[in-house]
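Down below are the structures I want you to see.
The same subunit A turns up in both complexes below, where it pairs with subunit B and then with subunit C.
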Partner chain A sequence: MKKLINKPEDVVKEELEGMALAYPDLIKIHLDPDFDYRADAPVKGKVALISGGGSGHEPMHGGLVGHGMLDAACPGAVFTSPTPDQMLEAAKMVNSGKGVLYIIKNYTGDVMNFQMAADMARDEGIDVDTIIIDDDVAVKDSLYTAGRRGVGTTVLAEHILGAAAEKGYTLQELAALGRKVNINGRSMGMALTSCTVPAAGKPTFELGEDEMEVGIGIHGEPGRKRMKIMTADEITEILATSIIDDGPYTRTLAQWDKDKGDWVDVEVTDPPFKKGDEVLAFVNSMGGTPDIELPIIYRKLHEICEKKGLKIVRNLMGRYITSLEMQGCSITLLKMDDELKELWDAPVHTPGMRWGM
Partner chain B sequence: MSENETTITKDDIVEWLKATAAVLEENAHYLSELDAPIGDADHGINMNRGFKKVMSKLPNVEDKDIGTILRTTGMALISSVGGAGGPLYGTLYLEAGKAVRGKTELSANDLVNLIEASLKGIVKLGKANIGDKTMVDAITPAVEALRQSVNNGNSLIEALHSMTDAAQKGMKDTIPMLAKKGRASYLGERSIGHQDPGATSSYLVLKTLSETIESRHASK
Partner chain C sequence: MKKLINKPEDVVKEELEGMALAYPDLIKIHLDPDFDYRADAPVKGKVALISGGGSGHEPMHGGLVGHGMLDAACPGAVFTSPTPDQMLEAAKMVNSGKGVLYIIKNYTGDVMNFQMAADMARDEGIDVDTIIIDDDVAVKDSLYTAGRRGVGTTVLAEHILGAAAEKGYTLQELAALGRKVNINGRSMGMALTSCTVPAAGKPTFELGEDEMEVGIGIHGEPGRKRMKIMTADEITEILATSIIDDGPYTRTLAQWDKDKGDWVDVEVTDPPFKKGDEVLAFVNSMGGTPDIELPIIYRKLHEICEKKGLKIVRNLMGRYITSLEMQGCSITLLKMDDELKELWDAPVHTPGMRWGM
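After this line comes the complex of A and B, so read on.
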C-alpha cells in the first residue's frame, strides 16, 4: 500500500483537521464525535441539512458543507457508516430551531445509524426528517438485496436541497423535494482498478490488467458484470443505456410518520426516462480517473442522450463522489423541471463545489 | 422448568465482556478476512474498536446492576462500531440490558429471556429472516437450544454448551447460503460458499459467554 498518510487510524481525524485549516471561512470541525459544519451555523431561520457516510468518497460529504449545500457532515471510518452520536451532536450544533433533514445514502449501516440518530434527536426535542437516496441502477432487485445503493444523485440532491433551504423551504417541503429528486435520479458506475482501504492495507478486490467491473458500488461492491476492458465510447454506452432504459423501480423506503410516532415503510416507484425529458448529466470520477478522460465520457453521453431524445439542460463533471483512488467513472442522469433548474443554478460555496458567489 | 440453582452474577457478566473484548481482538484479523470476499474487510477491525470502547466505559459501571452494565455496553458499541454492526450489536446488548433491568444475578430463565430479547431487537432493526446469511442465523438456533435445554432441566453449563453448539452449527450453515441482507447481498450468487462474518462474531460472543461461566463456576 502506497498512500500519503501517517497512520491508518489517524486518516479521518487528520483530514478533518487539515480541512478546517484550509477553509476556515467555510467550515469548522468538531472532534469526538467527529463532524464538520458550516462556520456560520446555525443559520437563522433555515432548516439544517446533515449528511454523512463512510469516509473515502471526498469531497462528499465533508467537502460539500457550506452555503447552498450541507450544514454539517459526519464522516465514518473509511467505507464504514458513521455513528448516531456524531449525527446527534451535529444536529444540536446546526439546528436553528427550524429542524434538521438527514440525507442518507441507502446502505444497511447508514440507514440504521441515521434512524437511531433521528430517534435520539427527536427525544431531545429536535424536529427531524430523513430522506434516503437509492439511485444505483446496477442493483436490479430490491427483494433479495439491501436495495439500490445511494450514489451520484446524492451530490445533486445535496446542492438542490441546500439551495431550497436557503430560499426558506420548510422541513416538510425539503423532505418532499428530496424524495422527488431521488425518484428522478439514476446512476451507474464502473471501475478499471480496485482501491485500498488504509486500515486493510491491500486492494478491496482484484481486477486483471485487461478487466473492468461494470456496475461497481462506491465501496468496491461488485456490480452487474466483470468484463474485458472496452473503449470509453463502449463503456459510456453500457452505463448510459442501463440508466436511460431502466424501467420503473419499486421498493419500500422507511419514513417517519409524525402522526403514528413510528417508522413506516412507504412504497415508492421511480418513473422511467422518456423522450423529451430535460436532464442534468453528471459525469463523475471515482477518484483515480484524471480530468482528461471525463470529457471523453461526457462527449459520448451527450450523443447518446440526443439519440434517445433526452435534452441535457445542466451538467456537472469532475470528482465529487469517489472511491478512494479507484480508477473509473459514474454517470448520473437527473430529470429536471423548472423548480430543480432554478435551485441548481442558485449559488453554492463549499470546499468541493462553488459557483455564483 | 430448570431445577438447577447455578446463577450468573454481575461479576460473571463483567468477566464475559472482558473476555469478549480479548476474543474479538484475537479474532479481529480472522473476522475481517471473512468479511473481505462478501463485505468490505472491516468487521473485525470495527468490532475490536467497539469492544475497546466498551472496556474504557466498563470501569464506570462495574459495580452497577447487570442491566446497566449491558446497556452501557450497547451504547458504547453504537457510538464506536459504525456500519451495520454498530446498531445491531448495540441493540443486542441494549435489549439484553432492558430484559434484566435492575438485576445483579441471573437465573437460567433470566438468561433465556435476555438472549431472546436480544434476538428480537436485532430482528426488528435489521429485518433479517433466518436463512438470509446474517448473525440471526447463528443466534436463532442458539436461543432455541438454550431455551430447550433449560426447560428440560439440564444444568446451566449443559444448557450453555447446547447453545454454543447450536450457534456454531448456525454459523457454519451460513456458508452455502445466498446473502439477502447488507452489503453481501449485492454479490448475489457470488456470496455462496463464504461463512458470514456477523454470524461468526455472534458465535464467538456466545461461546465466550459459555466458557466464561464454565471456568468461573469450576473455580468456585
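After this line comes the complex of A and C, so read on.
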C-alpha cells in the first residue's frame, strides 16, 4: 500500500490535526469524538449546518467548513459512517440557538446515525432538522444504500444552504431549500481504477487493465456496468445522458414532523430535466484523475447540454467529492433558478472551496 | 493506459477548449500556436506576466491565468517545452505597452525557447525581461536541466509577481522581485508512484511495490535516492530538513542586460534559512495523492519548522504543480518579508487559485 500516512488507525486524527494547523483562522477541531467546526462558531443568529460521513472523500466534508458552507463536519473512519455522539457533540458546539440542520448523504449507516443524533439533540433542547441527498442516478439500491446514493449534489447543497444560512434563512426554510436542491440535482460517476482503504491495505475492488466501472459509488460500490475503457467523449456521453434522460424518480424519505413529534415518511419525486432548463454543471475528479483531464470532460458535457437544450449558467470543476486516489470522474447537473443562482454566487471561504472573500 | 482522454495528440488542445468553455469570464484561448490568456488582456498600464512549460503539471501554468497572477501561459505537449512562437504570440497578445516578463522554470528546453522568444519579441519592439526559477534542492543537474530544477517556488512567484504587477510595479521591479523570490524559495519532492505520458502510453519510470523515489523531478526525472517506503512523518523529515539545512547555493544565471543589449551571466547565491525566519510553507500534491494525506504532511512540517526556529506565517496546501496522476508530494519553503506577505495576501482570481475576489 502506497500512501503518505503513518499508522492507518491515525489517519483521520492526524488529518484533522494538520487541518487545524494549516487553517487556524477557519477551523478548530474536537477530538474524541472527532469533528471540525468553524473557528467562529457558534455564529450568532445563524442556523448551523452539519454534515459528515466516512473519510476519504476530501475535501468533503471536513474541508468544506467555514463561512458560507458548513458549521461542522463529522468524519468517520475511511468509508465508514461517523457515530451519533460525534454528530451530537458537533451540534452542541455550533448551535447558536437557531437550530441545526443535518445534511445527510443517503447511505444506510449515515442516515441511521444522523437520525439517532437528531433525536438525542432534540432531547437536549436543540431544534434539529435533517435533509437527505440521494442524487446518484446510477443504481436504485446499492451495497450500503436503500434507494439512490448521495453524491455530488451534496457539495452543491452545502454551499447553497451555507449561503442561505448566512442570509438568515430559518431552520424550516433551510430544510425546504435543501430538499429543493436535492430533487433538482442528479449525478453519476465512473472509475478507471480502484482505491485502497488504509486499514484494509488492499484495493477495494479489482478492475482489469482495459476495464472501467460506470456508475461507481464513492466507496467503490458496484455501478451499472463494467465495460471496456472508452474515450473521454464516450464516457461523458454515457454519464451525461444517463443524468439528463433520467425520468421522474419517486421514493419515500424520512422527515421530522415537528407537530407530531415523530419521523414521517414523505413521498418525494424528482422532476426530470427539460429543454430550456438552466443548470449548474459540476465535473468532479474522483481524486486520482489529474487536472488536465477534467476540462476534456467539461468540453464534451458542454456540447451535450447544448444539444439537449440545457443552458449551463454556473459550473464547478475540480476535486470536491473524492474516493481517495481513485481515478475517474463524476458529473452532477443541478437545475438552477434565480434563488439558487444568487445563493451559489454568495461568498464562501473554506479550505476546499473559496470565492468572494 | 487509463486516462479520461480522447486521442493522446488532442489532449492539450481539448484541455484548452474545455478551460475556455468552463471559465469564459477569466480566460480566452489561442490555438496554433497554443496559449491561454486573460479574458481582459491586455490590461492597460500593467506589465504582462507569461509563463509556460510542458503540460501535465496542471493547474500550473494554464490554470493560473487571471487577476493577480499570469496574463498568459504557453503549454507544450505533456512534459515537453513549448516553442518560441507560442511565447512570442502570447507576448504580442497580452503586452499593454508596459512590457512582458517571462517566468521560466529551469529546464534546458524551456530556458532556451523563452530566451529565443525574448529576443524575437524585442525585435518586434516589446520590452521583455526574464526570470528563472531553480529552487529544487534535490539534485544539482538532472535529466533535462543544468543546475537545479524549477519547481514549487514557481507557483508562489506567479502569484507574488502577479499581485505586484497589479500594483503597478515596473518590468525592472518585477524582474528584481522575481529573482528575490527565487533565491528565497527552496523545494523538494518525492514520488510513491510513476505517471504515464499520454503519447508514451506506459509509465515514465518503474517503482517497486515497496519503493519510493526521493527528490523526484516533476517529469519523473530521477531524484536523490530510491528507498523503501517510509511513513509520512519520515518522508516529511527528509524533505523538510533537506530544504532547511541546504547551505548557500551559488550558480550563474543568464540575465538580459538592457544597456549592453545582450545576455550576461550573473552569479547568484541563495541565502540559507536561519533561525527566526518567517516562511510560507507550501505542501503540494504531485497529482494522484488524495487530499486526506496532505494535512498529515503539513502537521509534521509544522512541527519541524517550529523545532528549527522557522515561523510559518503563510501556507498553501493542495495540487498546484503536479505530474499527471503521480502519487507523492513536494514541500516548498519561501522566506517571507513584509513585501512578500502583503503581495501574497492580495486578491487572486484564476481557475486554480482564488481568494479575495
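The definition used in the following text is that the second predicted complex is superposed on the first by the 351 of 357 C-alpha atoms of A that agree within 3 Å, B and C clash if a C-alpha of one lies under 4 Å from a C-alpha of the other, contacts with A are read in each partner's own complex, and residues count from 1 in each chain.
As a working rule, a contact is a pair of C-beta atoms (placed from the backbone, for glycine too) under 8 Å apart; a residue touches a chain by one contact, two chains touch by 3 or more.
Fair warning: this is a prediction, and the values are worked out from it, not measured in the lab.
**Q** Under the stated touch criterion, which partner chain does A:Pro290 make contact with: subunit B (first), subunit C (second), both, or neither?
**A** second
**Q** Considering only the touch criterion stated at the top, classify A:Gly18 as touching first (subunit B), second (subunit C), both, or neither.
**A** Second partner only.
**Q** Touch check for A:Lys2: first (subunit B), second (subunit C), both, or neither?
**A** After superposition on chain A, A:Lys2 lies in contact with subunit C alone.
**Q** For the overlaid complexes, name the partner, subunit B or subunit C, with more touching residues on subunit A.
**A** Touched residues of subunit A are more numerous for C.
**Q** Could you tell me if A:His302 is touching subunit B, subunit C, both of them or neither one (first, second, both, neither)?
**A** It touches subunit C, and subunit B stays clear.
**Q** Does subunit B (first) or subunit C (second) touch A:Ala200, or do both, or does neither?
**A** first
**Q** Check whether A:Val139 is in contact with subunit B, with subunit C, with both or with neither, and answer first, second, both or neither.
**A** First partner only, subunit B.
**Q** When the two structures are overlaid on chain A, which partner does A:Gly220 contact: first (subunit B), second (subunit C), both, or neither?
**A** The answer is first: A:Gly220 touches subunit B but not subunit C.
**Q** Quick check on the complex: what are the subunit C residues that touch subunit A?
**A** Against subunit A, the touching part of subunit C is residues 2-7, 11, 14-19, 21-22, 55-56, 58-59, 63, 78, 192-193, 209, 212, 229, 231-233, 235, 283, 287-299, 302, 315, 317, 319, 322, 324-325, 327-329, 351-352, 354-357.
**Q** Using the touch definition from the top, list the residues of subunit A that touch subunit B in their complex.
**A** Residues 33, 54, 76-77, 79-85, 107-109, 112-113, 116, 139, 144-146, 149, 197, 199-200, 204, 217, 219-222 of subunit A touch subunit B in their complex.
**Q** State the interface residues of subunit B toward subunit A in the complex, per the touch definition above.
**A** Subunit B residues touching subunit A: 32, 36, 40-42, 45-46, 49, 78-88, 125-126, 178, 180-183, 185-188, 190.
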